Amino acid sequence: MGHGGDLRFQVENLTRVEGEGSLHLRVRDGIVEEARLEIFEAPRYFEALVVGRTPDEVIDIVARICGICPVAYQMSAVHAFEDLFAVQVHPQVRALRRLLYCAEWIESHALHIYLLHAPDFLGYPSAVELARDHRELVDDGLRLKKAGNDLLTALGGRPIHPVSVRVGGFSRMPAKAELAALRPSLAEALRLSIATVDIVTGLAAPAFEREPRLVSLRHPTEYPLNDGRIVSTDGVDLRPSDWDEAFHEVQVPWSNALQSRAGDGLPYLLGPSARVVLAGEQLHPLAQAALARTGALESIRRNPYRSIVARAVELVHVSAEALDIVDGYVKPDAPMVPWTARPGVAAWATEAPRGLLFHRYVVGDDGKVAAATIVPPTSQNQAAIEADLATFAPAVLDLPMGEATHRLEQLIRSYDPCISCATHFLDLSVEDAG
Amino acid sequence: MPSAHRASSAAAPAGDGPPSAAGDGPPSGPVPIIDALPPGPRARLAARIVRREIEPGTTFMHEGDVTSSLAIIVRGRVALRLRVPERGPVTILTLEAGDIVGWSAIVAPYRATTSATALEPTELATLDAVDLRELLASDTEVAARFLPPVMESVAARVAATRDQLLDLFRGAGVDAW
Amino acid sequence: MVVATQPHAAAVAGSRFLPRERFDDLVAVLAGGGRRVVGPTVADGAIVFADLTDGTALPAGWTLRTSPGRARLERLPEGPGSARTFQYAVSGEGIKRFTFPSRVDALAMETDADGTVRVRVEAPPPEPLAIVGARACDLAALAVHDGVLVGGPAVDPDYAARRRDLVIVAVECAVAGSTCFCATMGTGPEVTTGADLVLAELDDGFVARAPTPAGERVLAALDLAPALEEQSMRALAQVATTRAVMGTGAVPANSRSVLMANLDHPRWDAIAERCIACANCTLVCPTCFCTGLEVTSGFDGRASGATRAWDSCFTEGFAQVAGGSFRPRPRDRYRQWLTHKFATWWDQFGTSGCIGCGRCIAWCPVGIDVRAELNAIAGDVPPPAAAPLPRHDIVAQPAISTEALEFSRATVVSVTPETADTATLRLATDDARILAGQPGQFLMVGVPAFAIPPISISRFHPDGIELTIRAAGAATSFLTKLRKGASLGVRGPLGRGWPVDDAIGRDVVIVAGGIGLAPLRPVIDAVLRDRARFKDVRIYLGARTPRERLFVDEVDALAARDDVLVRTTVDRAGPEWLGRVGIVTQLFKTVQGTGADATAFICGPERMMAATADVLGDLGVPRDHIWVTLERHMECGVGLCGHCQLGSRFVCRDGPVFSVAELGADLRREGL
Amino acid sequence: MDVAMRDGAAAGVAAVGPAAQSGAAANHVTGRSSAVRRPRVGVVKFASCDGCQLTILDVEDHLLEIAERFEIVEFAEATSRRSSGPFDVLLVEGSISTPEQAVEIARLRAEAKLLVVIGACATAGGIQALRTAAEHEAFRTAVYPVPAFVDSLATARPVADVVHVDAELRGCPIAPEQLVELLVSLTTGRRPQLPDQAVCLECKRRGVPCVVVARGLPCLGPVTRTGCGAICPRFGRGCYGCFGPREQANTAGLSAAFVWQAANPLGEDAAGQPPAPDPARPAGPVDVGRLFAGFTGATAPFRAATDALGGRPLMPLRPTLASPPETLREGPPSWGPAGTASAVPGPGDGAPRPATTPAKSRRSHGPRR
């Protein structure tokens, strides 16, 4: 290779990821000796901050772990508590929570595809520069994103840290007319989503294949959002409350985020690709059709750069399902059912846009949280990212430094990592150990 | 808080020329304050007055010196100045006919905290500090009649100082528009 | 206290009966011709006015239980009356939202391609509206608003437009809440004014009467049977019971004098510990009318809008001027509110500002009860014999007029820097009103994207005026940086100026501090133009430093005249300054002769004006010949926005120039 | 912390705006002035959730116009362009929570003409600022098996505790309307309208019935600065103070009322019906105190209210993880036997050598110089 035997890659402050991290590789004679996704997002100790709080306060607090996917945190928490307290919510509450989650997925996926990841594939530093040459493309992405944000606002008051999710239901449920008013923008979102699948399928992805272990929720009748069993490509099948029977957290010295490993100590992969592979049969017919048109299911499974296709297919799904829920919505008499806290362990997992999000709370006799464990998707994906880097890096070492760095950054971005979640990201460094 | 208006009248005749006839009044006319006193005290104080002519630009007392006399401005204008490190002298008050310069001559520790500089041809009627203190201690009628106008002058300056501290004309803060 | 009750038997004579099942027809008749109909509904745990298409959305079977800090919906007990729809006293918000919306477009401002600034006053096209379910207190409040917003010298065009085609179906209260005291204030519960149709709800329907032709037309269209005498008597008995339950004497009859005599009562401090200054009382109050302008614009700033929004004297920004708020403490703000409602309103509008609806009591999150506070401040002082309270009558509605709020265009002819932060703009205008303005009057000055500050006129010319502006905020900074040829919108002249004629044949004493010389410059101009009509003219000027003196060349020229005495002093100076140093009041003692024959005009910071007025008073200048000009926050300049109140005065309209005799102790009172 | 626009901010705004102030003045005469340099804008973050900077991307209708009017030179979440300064405007999210962050914000301050802090973490320390120094060690021990790997300050601080701040946008997250208002004020030279009033004014203007009065729910709206649009009361719950204390926030008066209401559920009206049980309603003083211990709970007026009532949640001084993690000192993982890599080209079978060097601490913003 042109650089001689030893290389040192360093990407300081990864960009277009949420949060702060960096990538460090040490390579000797073409062999990757060290691949570290360093997360130096300052720790905020959320698991300690929720102690002494009531379940509803916890729902507000854990949302602040991540400004990109606050609904995911609210959902894992509210389901954990309702599971422990045996709260039966109104079917329309259940439907509206799916709708809320759909809205967050639309916003998050559109953000990632159009503003964060597409510039990578098309060779621009950001969507701003991309917009100079492809204004319609960026406008479409912004419209999609806005459709999600408007829906979040209608359901929760604001797109980031919505306020309406409560144990037992919602603090307020919208009038039918309020949701119906969003129908046109959701129909537009569905149209744009289908077009998105075609656009991203056409993006050239670097050739890179591996056989990852995939993990997601799976539900017999729904595409996994709030409910389902935890399944994996190697046979895991658990209640969403039993995540820690198959997985566990570890700390590594180079990261402020805890990592997660499967029972055998090996990494696993979460997110759109995992869900499309493991739960694809529950995709909305329109999304299934879009996926079939791409013919990319196998490459989605094997090539991390193709996760953007899985994300686009999911965008079709959540747009279509959001429309269905809006059409079927009937405002219930009461937005909430009464409930009583009871002591015990409350645990649940839901599917955040970037993958499985597990919460576990110990609720004390006073109805307040005594201990908590929160395992975000990015911390679970960290090991997978590092494994991918170690696997893929040798293939790019021949490239000019800037290009090689770009490819590796793009690889990390394909996981849509949310680093503020994980420590609650990126600097690439490739160290020449020669 | 030290008063910004304390003045001392150390008669500082350095460079004093002969009494000047410049200005619009006679070289020695009536003396404000003193003339308003009843005949007895007026006579006993007037007997001790030494008149001085100060040329413009002359600093006739200095910040930090012992105050050697109390003066009443008969004519002209006097600037009281403070020396502010790094800013140089700052005029904090100007005094005119009828004003007292150097009331610290009768108040311990009898030391000036401002300098006094004539801005115009100025005539002062001065009373020696030690002499005046002895008179006030021994002559209760003089004390009773002379101290109130001195106090009035001092009080007016204290009040004025407060308003200056408020910096009334400064454009304070950001307004609503 | 004694309040004349209204047996209104005469009104009862023509009553009809509207069976409950025909209420939908009433809504339909009202809605005829495309009229919007609003009425009470249940939403979000409260009774809220919303659009009605029929009677089904009314709060059937609900009542509202109110006590200090609480207003809870409760189900009516089972029984013959359980289907009643108006079986509560006062809703959370009255009908104010419809006659005086919380936010309306007030101004549109833009800069044309040629740079000309245009300011347009927005007034909505009249929208036919029917309000169902107003109560006697709501109508009394409407009468109060009429007095404020269309009854004075300036007409609020938005209000006038909304009031124009309004049909009101009132309901006489069948119950009283514990927070109600309309009987004390003489405003209810009987409906005596302002309604086109008055309903009294019985278990099976409504006794209806129509005091106006519009109401008669509605009744005629419904083709109802006359009410049976028994039904009418039940309706009368019902409202009489409501009155009896409420009782009278909830607040001292002499609240007005009690409050004004106790502006420094310790109770104000006690209230301030509990009061959270949240402003809820003012915003639920149906007579509160204070508003502020919110300027909005796009990124290029060429066009902007101004939205008029409900404001409150409980906010800090409400009384904000350069240098701070005139009511910094919540104590000051509560006192302003209570004294305005029960005392100074009388001076301003000839009525009480309180109409006894009790919303401020129920909707206070911490449950402060104005009745209790008034009684506490009144203490054990026995009230005098009660005087009858004046009635709140709806005034005749004037034409919709935007005259008081219209801007004209002016062009910058030249810009003269005065000091580091102050500049004088000479403006060309052909607005005859402005050219005929008086010394001491001011203009509201608007350019797109900026708030609209009041600026005193600092000189009059045959073809224009001058404005001397200190860059104290963003808008004034922008104005001082305008260049020749720039265009701006101006509105005025506003306010009562300096009474120069008061000084004819007398000595003239002019005292200015800082920027205060600007509004006095036209006085100097006027006096010198007619110098022979005045005796001695003495001008005393104060500035912070020599560099901050205004109009230096002009002042030097004045000083050179032998018919004007000019004295300048600065607060501090370097040794190069050979002039006077000290405060402006020290200047007087060096000049003999000022006394009973003088008229004084003073402008500067309020503290300086008060001190100067004292010294001049001591010199014998009569207090009714000492004139000062006050600075207060102003948004409208014509007495509609409420910001500039000082006791019973609107500084913008009644001032800004006042005599010291007029102001009395208020010139020095803190937080007023 | 009590003013929306700090002293000197107006001047600061003017300073970034040759494009704005004088330029706009010129516009009034000459029309659009063209050759004006766009202000250089940076967006950086410290300890936070990214939600406030995401709000910039959430103003979809204005995003591209903002990108045209401002030159965004540093915004790691959105662009690969990097700059370490200088900035005309620097938007700063997040609290200062590590020693390196304290150093970095001081460097950035020197690079920024106008430093605007955005969001509850930057303006008030965020919820992470509720911890005290004593609790900090316990926190680290609780969350991380090897606390030595994690470097953080004893308390999380608002940015203004460390460097001078020119302006602030409150909120958790900030309100998009206020963000646009701030940016518009920068291009027009006017003062941003960020009123320091109670949330109550917005409730009343929007016709939202008071949740305290109508439903007996606790609400911090009366003592919290407006700006959000009264979201929580509109959604049937009490305000939880995202925007932090308003001027003269009488938290003692409000909490006294809530404590009284908790003890007197019928208020002064003994004949009324008791309210239906609601977990949102405080049962007593401790619950009332905890209301104030939210995302701006470290501000003086809110902390005082919490402390006065003993409402500070018990910060754990013992491990609080429901499932404690283990420590792993091995190097990065390979996909292993379960997921045999078939990468092109692959690393072969040789798993990378274990890494043992500890994590470097936080990098500076922008490229290294």
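Going by the order they are written in, the chains are A, B, C and D; count residues from 1 in each one.
FYI, a contact is a pair of C-beta atoms (placed from the backbone, for glycine too) under 8 Å apart; a residue touches a chain by one contact, two chains touch by 3 or more.
Keep in mind that this is a model prediction, so the values were computed, not measured.
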Chain at maximum distance from chain A, centres defined as averaged CA atoms: B
Which of B-C and A-D has more C-beta pairs touching across its chains: A-D
Separation of mean Cα positions, chain C and chain B [Å, integer]: 52
Interchain centroid distance [CA atoms averaged], chain A/chain D, Å: 22
Cα-centroid distance, chain C relative to chain D, in whole angstrom: 38
Interface hub residues of chain C, defined as touching at least two other chains: 44, 317, 450-451, 473-475
Interface hub residues of chain A, defined as touching at least two other chains: 172
Chain D, residues touching no fewer than two other chains: 10, 191, 236
For the chain C and chain B complex, residues of the former touching the latter: 317, 320-324, 421, 450-453, 470-476, 513-515, 542-544, 548, 569, 571-575, 577-583, 585-586, 589-590, 604-605, 607-608, 611, 633
For the chain D and chain C complex, residues of the former touching the latter: 10, 13-14, 21-22, 24-32, 65-66, 69, 183-185, 187-191, 193, 195-198, 200-201, 204-216, 219, 221-223, 236, 247-248, 250, 252-254, 256-257, 261, 267-269, 272-273, 275
Of chain B, residues touching chain C in the complex: 77, 79-81, 88-94, 96-98, 117, 119, 156, 160, 163-164, 166-177
Sites on chain C touched by chain D in the complex: 43-46, 48, 65-74, 92-93, 97, 102-103, 111, 113, 115, 117, 178, 273-280, 283-284, 294-295, 297-302, 309-312, 314-317, 329-330, 362-367, 447, 449-451, 473-475, 477-478, 481-487
Chain A contact footprint on chain D (complex, rising order): 45-55, 57-58, 60-61, 63-64, 67, 72, 75-82, 94, 97-98, 101, 126-128, 130-131, 135, 138-140, 142-146, 149-150, 152, 156, 172-173, 175, 228, 231-232, 234-237, 240, 242, 276-277, 279-280, 290, 294-295, 313-316, 319-323, 325-329, 331-348, 350-353, 355-363, 365-368
